Every structure is written in C-alpha cells, then in structure tokens.
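Common to both upcoming complexes is chain A, partnered first by chain B, then by chain C.
== the complex of A and B ==
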C-alpha cells in the first residue's frame, strides 16, 4: 500500500461545537491505516491544546488528554500556528506538553508540538496529498 | 430597564461579540458563555474593544465554561468578572429581559 500524506486541519475551539472531538475521532480511526499523518492547529483550533482543561462544571467529556496518546499511534506531528496563538493572548507555555518516542533515535522522547509561522503553515498545507478540515 | 446579553460564540470566529458590544447600553450586563468566554481574555486582538465598554456595561464570563477550556480568572481583562451558574441565574433575575446573541 502506498503511503499518502494526510493533514487534519483544526480551526474550531473545543466544547462549543462538536468539530474538535469529531476531528480527534477521525484521526484515531485513520491512525489504523498507517499513513503519514499531520495535525494542524490554527485560528480557534489552537484553543484545543490548552493545558489544565477541567470540564466537570459543564458535564461533558474532557478529551484533551487524548492528544497525548496519539504518539502511540505514530501521530507525532502537531503543527501549531504562532500568529493564531498571539492573536488570542496565548503562548506555547499555555499548551499542554505532548511527547512521543522516536523509534529512529533510540526511542528518545521528543515534543510533538511544533510552533510554526502562518507562512510555514501554508507550506505544510501545500505539501499534502489529502486535507481533511474540521 | 436593563438587559442581560448572552454571547456564546468565539469572538475570533464571528462578529457576534462586537455586534453585542455595539448594541449594549450603559447599565446593561453581558455574560459570555460557551465559546463566548474567549472574549473575556486579556492580551488578545479584541481585548481593547471589550475593555472600552467594561464599567458602563457589566461584563461577566461563566466560570465553568472558562475552566473547561483550561483558562482561569487570572487571564481575564480587568473589569471582567467570572460568575458561576448561580450568578447566571441572579443576572437573569436582576434584569428586565435576556437577549441571546447567537
């Protein structure tokens, strides 16, 4: 089977709509097909990755810890747009830490999140075979 | 005769908050709920527009929605105060009508 480059584009905040959770579900399903998967977080999508989410008060499932499990499914590329963070008063320190073990580097622990510029995000998008938008 | 305005959309995704701010009168209250709570954040591209009306208009965010999104009261614009569900009920009871900005 030939490997294709898949990009999941996340542009919605969590909890207010179902988009963020549905994207995560599709990523988990797609992970079974051993494709080259990347996730993009831009616009309100950057809010999905904030640390310390506590949904007890609103009675819905907190799905943010699931992002930390994606490394086990070889989903290790989280591209986060710098301009989107800045427009929303956020910095990388506001995001949860997401690590993966690099099998090509003696299983060294490495960060999955890569902060990139809007121009670099455009390059990431242009480099894909399939783009799925949420 | 005061109105409670509720805003449930992210101000970065729609013009809803800006429209609400433009129509809320002095003495009214605005309560940001659901994705609307992002409108209360300090240091954003929209903070100034919100801060300019805070005071003349009472501006609140729903604490439970803030916590769900990994944010806390320390991140809010000065003059924007969190309230709980009980505070939401009080605001509805204190005002003459509620207008939802969907």
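== the complex of A and C ==
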C-alpha cells in the first residue's frame, strides 16, 4: 500500500462540540492503515491535551486518556503550537504527559508532544500529503 | 487529477454541502475525477431521504443523489457518525432493532476506513466544513 503523510489538525476545544472526539475516532481507525501519521494541535485545539480533565459536570465522556494510548498504534508525533498555548495562558506543564517507546532506539521512552512555533507549524503542514482538519 | 471530498457540516444550517456540490460539479466539468465524497460529523444528515425542504428551495440531498447517478460518485456516510445522528440503512436498522431506515438513494453507509482510503488513493483531499 502507498504510504502517505497524514496530518490531523485539531483546532477546537475538546468539549462543547463533537469535532475533537470524532477526529480522534478517525486517527484510531487510520492507524490500522499504516500511514505516516502526525497530529497538530492549535487554536483552542491545545485544550484537548490539557491534564486533569474532568467531564462529570457536563455528562459527556472524558476521552483525553485515549491520547496516551496512541503510541501503541505508532501515532507518536503530536505537534503543539507554542503561540496557541501562550495566547490561552497555558504552558507545556498544563498538558498531560504522553510517551511512546521508540523501537529504533532500544524501546527508549520518549515524549510524543513536541512544542513548535507557528512558523514551524506551517512547515509541518507544507510537508504533508493529506491534511484533515477538524 | 483525482480529488477526494469531505463534508463535515450538516445541510441548510451550513453552506458546506452546497459549496462542495458546486465544487464537485465544477471539478468534473474541468475533467477531474471525484471518485468519492465522504460525509462526516453532521454532514451525515445530507444523506437522509426524509428531508423535505420547501419547494422553492434547493434540495441538497436530491442534488447529491442526482450527481452520484450521473457521474458514479461514491457517496459514503460514516457509520459511527450516522448512528449517533439517526441515519440508518436497511441492514443497520434491522441490526439495531429500529423500525425504519432513511438512507437516500445514491448514498451508502460505511466506515472511516473509506475516508483514509480516499486520502491514500486521491491526489488531493478537500474538506468542506468549519
């Protein structure tokens, strides 16, 4: 099968609309197709990765732990836009820790989240074959 | 060029399904191929045959059904998104114990794999939504 670079762009807050959850569903299904997958988080999408989410009060499923399972599906590139974090008063410390085991480096544990600038995000996007924005 | 299309907003509330329809018609007229359109999020609601817009308004579902009949475009409605929103085909209605189905002619319900496959097999993927 052809391998293409797929980028899933997440720009919306995790709750209030279903975009974030249904984006995650595509990522999980897409993982089975053995493509080169990256995730991008910008604008309110950075809230999807914040730690300590509790959705009891709004009666919807907290799907944030699923992000930590994506490493098992070889989804290990989470690009988070620095400016989007800063504009919302967030820093890397506010995000959950997401690790993966690098099979090319003796299964060393490495962080999946990479904080990059807006300019670098443009480069990441330009480098893709398929960009799906949710 | 082979172009894949994603529609991720519902009909009438949002212009995405209308704009995509015009885009697909224009692309085909220019000699491009649009083998598949994938309906996701509220976009699945475009595929219900039970919508009844006033007679002096465009019929979004019918537009797509006619386009599919004319050009053989594969109109795929995402099963997970469709089930949440009450869009069912005959098999799914039976399986879920529902007393009716509502998928429109020319549309079919299938999985998200069809979206990924479209991304792999087309030269460009264009999303219509917010």
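Throughout what follows, the second predicted complex is superposed on the first by the 134 of 134 C-alpha atoms of A that agree within 3 Å, B and C clash if a C-alpha of one lies under 4 Å from a C-alpha of the other, contacts with A are read in each partner's own complex, and residues count from 1 in each chain.
Methods note: a contact is a pair of C-beta atoms (placed from the backbone, for glycine too) under 8 Å apart; a residue touches a chain by one contact, two chains touch by 3 or more.
These figures come from a predicted structure and were not determined experimentally.
Participant: Please tell me, clash or fit, for chain B and chain C sharing chain A in the overlay.
Facilitator: fit
Participant: Of chain B and chain C, which one touches more residues of chain A?
Facilitator: Comparing chain B with chain C, the partner touching more chain A residues is B.
Participant: Tell me the contact category for A:33 with respect to chain B and chain C: first, second, both or neither.
Facilitator: second
Participant: Taking the superposition on A as described, I'd like to know which of chain B and chain C A:100 touches: first, second, both or neither.
Facilitator: A:100 contacts neither chain B nor chain C.
Participant: Is A:55 touching the first partner chain B, the second partner chain C, both, or neither of them?
Facilitator: first
Participant: Of the partners chain B and chain C, which touch A:25 in the superposed model: first, second, both, neither?
Facilitator: second
Participant: Put chain A at the vertex: what angle do the Cα centres of chain B and chain C make there, to the nearest 10 degrees?
Facilitator: About 90 degrees, rounded to the nearest 10.
Participant: Output check: A:67 vs chain B and chain C. Expected answer is one of first, second, both, neither. What do you get?
Facilitator: neither
Participant: Does the superposition put A:8 against chain B (first), chain C (second), both, or neither?
Facilitator: Neither chain B nor chain C is touched by A:8.
Participant: With both complexes overlaid on chain A, does A:16 touch chain B (first), chain C (second), both or neither?
Facilitator: Only chain B; A:16 stays clear of chain C.
Participant: How far apart, in whole Å, are the nearest Cα atoms of chain B and chain C in the superposition?
Facilitator: Closest C-alpha pair between chain B and chain C: 11 Å.
Participant: Taking the complex as given, what residues does chain B use to touch chain A?
Facilitator: 8-10, 12-13, 34-35, 38, 41-45, 47, 63-65, 67-72, 75
Participant: Name, in rising order, each residue of chain A that touches chain B in their complex.
Facilitator: By the definition above, chain A touches chain B via 12-17, 43-44, 47, 50-58, 60, 62, 64, 87-89, 94.
Participant: Contact residues on chain A for chain C in the complex?
Facilitator: 1-2, 4, 6, 18-19, 22, 25-26, 29-30, 32-33, 35, 129-134
Participant: Hey, which residues of chain C end up touching chain A in the complex?
Facilitator: 6, 8, 40-41, 80-81, 84, 111-113, 115-117, 119-121, 125, 127, 129-130
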